[in-house]
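Presented sequentially are two complexes of chain A, the first with chain B as partner and the second with chain C.
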Partner chain A sequence: MTDPAPGTISNSTSSSNSTSISVMIIIDKAPFLGSNAAESLDAAIALASFGQKVTLWFSQEGVFNLLKGNQANKFNQLDHCATIEGLEYFDIEQVVVTSEDWDKYQLAQTPLRLEPTLLDSAKVVDSFKHYHQILRFS
Partner chain B sequence: MMLIHCHLPLKSQNMQILDLLAARHYILLREQAILSLLDPDFSVKLEAYKNLLILKNDAEGLGVSKQLNSEIPQITDGEFVELCLISDKTIGWS
Partner chain C sequence: MASFSILVTGSPFQSGAHQSALRFAEAACLLGNSIEAVFFYGEAVLVANKLIQPIESTSKQQANLTQSWLALSIQQKIPLMACISTAIRRGIVDDDEVGSNDNITQPNLAEGFILAGLGELAEMTASSNKLIEFGG
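Showing the complex of A and B:
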């Protein structure tokens, strides 16, 4: 499988494994204030563990899951955000943030758990056509 | 004086009423409402509130306490409870 070009989302249907599907999971909820973000990550890891190609899009308040300084213990929650640092071990290498959210929430000034791929929101939305499934938990 | 505490992301359609309340009452941001302070669409207006407060525990938990305007007081859970007791009314605002 070829790596996607920098600044792009790969055409996930071109996977060499014909039995795998491509899934984008949208995480747009802040961490620890409900189970949404944690369950989205669980789903991503479960899918990737079974060989499916997963892209994570951290959108709007979901970008706060990426902050290195967040503290699950303040909300008496398990730290699902720690797993973000290990996503590459599950072959989840496509982690996307829009450049609009990057600027809006001043993420350049904040230590993050990983460096996401920055894309225009229009480009992310345009990439939907390449995925078999788009999941957003609500 | 009343205490109005917000826990959901603020919505522009609710800001007009919140603006009026902020002139005479405490506005406490907690949970996701704190993130509105990082949104330029809301931060300028919120930072102009005279009695704006932030729940310290939630700001730290979300990892944003250092990004927030240091002039806005961050109060502990205990101080939140004290404020509830001394306020004429406490209103959850969403």
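Showing the complex of A and C:
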């Protein structure tokens, strides 16, 4: 469990990569009910592949994207959640869930695609100031 | 004088995102600021379909959202970029897509809009301009 603050703004060592921009993308929609969650993930991966440092915050019902037991085929849909297991290959290493959501949605009791960083919501909000951009697609 | 980029993600049918973004852009330009580009993502790309007939267009007094974007684009020379993957998913295609499958027989991308990749959004977030998002 590490602090999510990417700190790239004050980090002068990032000069070798002038586009080291930190972006937080908030996903607060459940998977497979509309395409919001899938398209938010698409955007996250696209930004990461352009060298930006992406943090994903799965908030509220968005945490259901993390469940390993999702069966997209029951909705006749592509399982975009499978991408979540490979996020580190896209250099997306910060995946955040608030400890409030962790308890509320009882995530400790179910297998997840990856182990998110748990933070108090106040700390997540406090980390906003470290990002160049915070995006929540609607 | 500042320079802005605009990201619109709200649906033109289910949110006020486009009205808000247009009013913001007009006001910003009026005050001598500039808008570098507008990027439409997800449901927002629906506004780039020239076949839609929204409620607004029934009134001759009032331009519809698609026309309002076009007018702003021409007046202020602002590129209107609709995300290509989310647009195609919603049946919005340009000349290049015609024939890519049997159902796509003619383009319906509205005048003034272009289909662009997410790299454009990456550039917007990396640019020193302020990026303002209008969601639903």
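The criterion applied here is as follows: the second predicted complex is superposed on the first by the 122 of 138 C-alpha atoms of A that agree within 3 Å, B and C clash if a C-alpha of one lies under 4 Å from a C-alpha of the other, contacts with A are read in each partner's own complex, and residues count from 1 in each chain.
Everything that follows uses one rule, which is that a contact is a pair of C-beta atoms (placed from the backbone, for glycine too) under 8 Å apart; a residue touches a chain by one contact, two chains touch by 3 or more.
Small disclaimer: the values here were computed from a predicted structure and weren't measured.
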Once both complexes are superposed via chain A, do chain B and chain C end up clashing or fitting?
fit
Let me test your reading of the model: by the given contact rule, A:52 touches which partner, first (chain B), second (chain C), both or neither?
second
Which of the two partners, first being chain B and second being chain C, lies in contact with A:68: first, second, both, or neither?
first
With both complexes superposed on chain A, which partner does A:23 reach: first (chain B), second (chain C), both or neither?
second
Thinking of the overlay built on chain A, is A:127 touched by chain B (first), by chain C (second), by both, or by neither?
neither
Touching A:43 in the superposition: chain B (first), chain C (second), both, neither?
second
Which partner does A:109 reach: the first (chain B), the second (chain C), both, or neither?
first
Superposed arrangement, angle subtended at the Cα centre of chain A by chain B and chain C, nearest 10 degrees
90
Between chain B (first) and chain C (second), which, if any, makes contact with A:31: first, second, both or neither?
first
Determine, under the contact definition given at the top, whether A:98 touches first (chain B), second (chain C), both, or neither.
neither
Quote the smallest CA-to-CA distance from chain B to chain C in the superposed model, rounded to whole Å.
15
Output the chain A positions appearing in both contact lists, the one against chain B and the one against chain C.
none
If you look only at chain C, which of its residues touch chain A in the complex?
7, 9-11, 15, 17, 41-43, 85-86, 89, 117-119, 121-123, 125-126, 131, 133, 135-136
In their shared complex, at which residues does chain A touch chain C?
19, 21, 23, 35-36, 39, 42-43, 46-47, 50, 52, 132-133, 135-138
Which of the residues in chain B end up touching chain A in this complex?
9, 31-32, 35, 38-40, 57-58, 60-64, 66-67
Chain A - residues contacting chain B, complex
30-33, 61, 64, 67-75, 104-106, 109-110
